[in-house]
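As written, the chain order gives the labels A, B, C and D, with residue 1 at the start of each chain.
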């Protein structure tokens, strides 16, 4: 699964995208965020307030209880501030 | 029933966009436009840096436009959003809606802006005039509250 | 805090009017415009004849603008209205409101249009394509209802 | 007092303006409309549905119960249809 990061999530993680291979026990978006927080200081920092992070699967907004089963691309970003 | 959605680095021409919705269209009785500008924030701001999620940004704007069309019988809808570095006084976003009558044109235009603010994947970062890199702009409660009107 | 009110026979340039409200004004974050056009009414209409009450029309528009300024902290307001013979596809009316933020710019712009429709002394008469003189346009209940939102 | 007429009120009365000299018993706008209706067929026609006629005194909207005492200019017209 490809992960993409935007705005301060990208800055904190330190890269714009990467391939993730979480274990089979990671079922939901919330599981994935919890798993990412254990992948190093930069992830712990980026996801320290995990509940504020917005997530999109294959370019569609999803909630943290969404299943990541068939996701090709999963995006993490702060609340939007365009317009 | 044309829809134009463009995400671009360069500035745009509001009058040309408005004309595209109204010229040779004598069924159009109303045109509502919104233009959003980069404010200087009392002189503290030297620029805004606009980041977006290519691909998803277009999709999300299309989804918002589709939802507006379900709610109001409007004619043309144009949504333009810039990215990159934008100076105070420059245009950032433009929404234009044409229709037979004003009520639906106003409602659809404001609806699109309200949802664009909270669900289109764009993020602003400030650059300060003192040369320091400013903060990522924080999302506003007022923008979430604006959505309640459309429930 | 500039206000421009003009009642004129000739067409106007919406972009020039918008620029006058925003150029060199980096405190402006939002510009909302409304343009009303003469519809052809499925091809039945050859023109509209707009009559107005000179003197009172300007006063009444000023009163509506003053009321909008009491309600919302907006910056510039421009209201233009044409009179005389107007062909399908031509502009009739233009309202532009600039402000720091979009909510107040949208609200003031729609408020001004709603009150302009029901209290500014203008009257429309239709000219038909078959050469017959059409009727005076009748006031619409929908326009009276639109005011309820602002009570 | 100068009277001015607009749109179909003007057409029915047959003139855009005139000087009115109503008797002293004419106190309110409603009184004036009632008196005008007796001034000839064209006035009877113009004001046949008197309640729909809008009135302005010295270029400010007034209701039919308004006093006409100090009016310099009184305008009669149909509901507005601009915009």
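Operating definition for what follows: a residue touches a chain if its C-beta (ideal position, glycine included) is under 8 Å from a C-beta of that chain, and two chains touch if they have at least 3 such contacts.
Keep in mind that what you see is a predicted model, and the values were worked out from it rather than measured.
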item: Labels of chains that are neighbours to chain A and to chain B; value: none
item: Separation of chain A from chain D, taking each centre as the mean of its C-alpha atoms, in whole Å; value: 71
item: Chain centre separation in whole Å, for chain D relative to chain C (CA means); value: 26
item: Geometric centre distance via CA averages, chain D-chain B, whole Å; value: 48
item: Distance between chain centroids, defined by C-alpha means - chain B, chain C (Å); value: 23
item: Touching two or more other chains - residues of chain B; value: 36, 102, 113
item: Junction residues of chain D - those touching two or more other chains; value: 83
item: Pairs of chains, among all present, that meet the touch criterion; value: A-B, B-C, C-D
item: Chain B-touching residues of chain C, taken from the complex the two chains share; value: 14-15, 18, 22-40, 42, 88-89, 100, 102-103, 105-106, 109-110, 113, 142, 146
item: Parts of chain D lying in touch with chain C, wherever the complex brings them together; value: 4, 6-8, 56, 59-61, 75, 77-83
item: Touch list for chain C against partner chain D, complex; value: 36, 50-53, 55-56, 59-60, 81, 92-93, 113, 116-125, 136-139
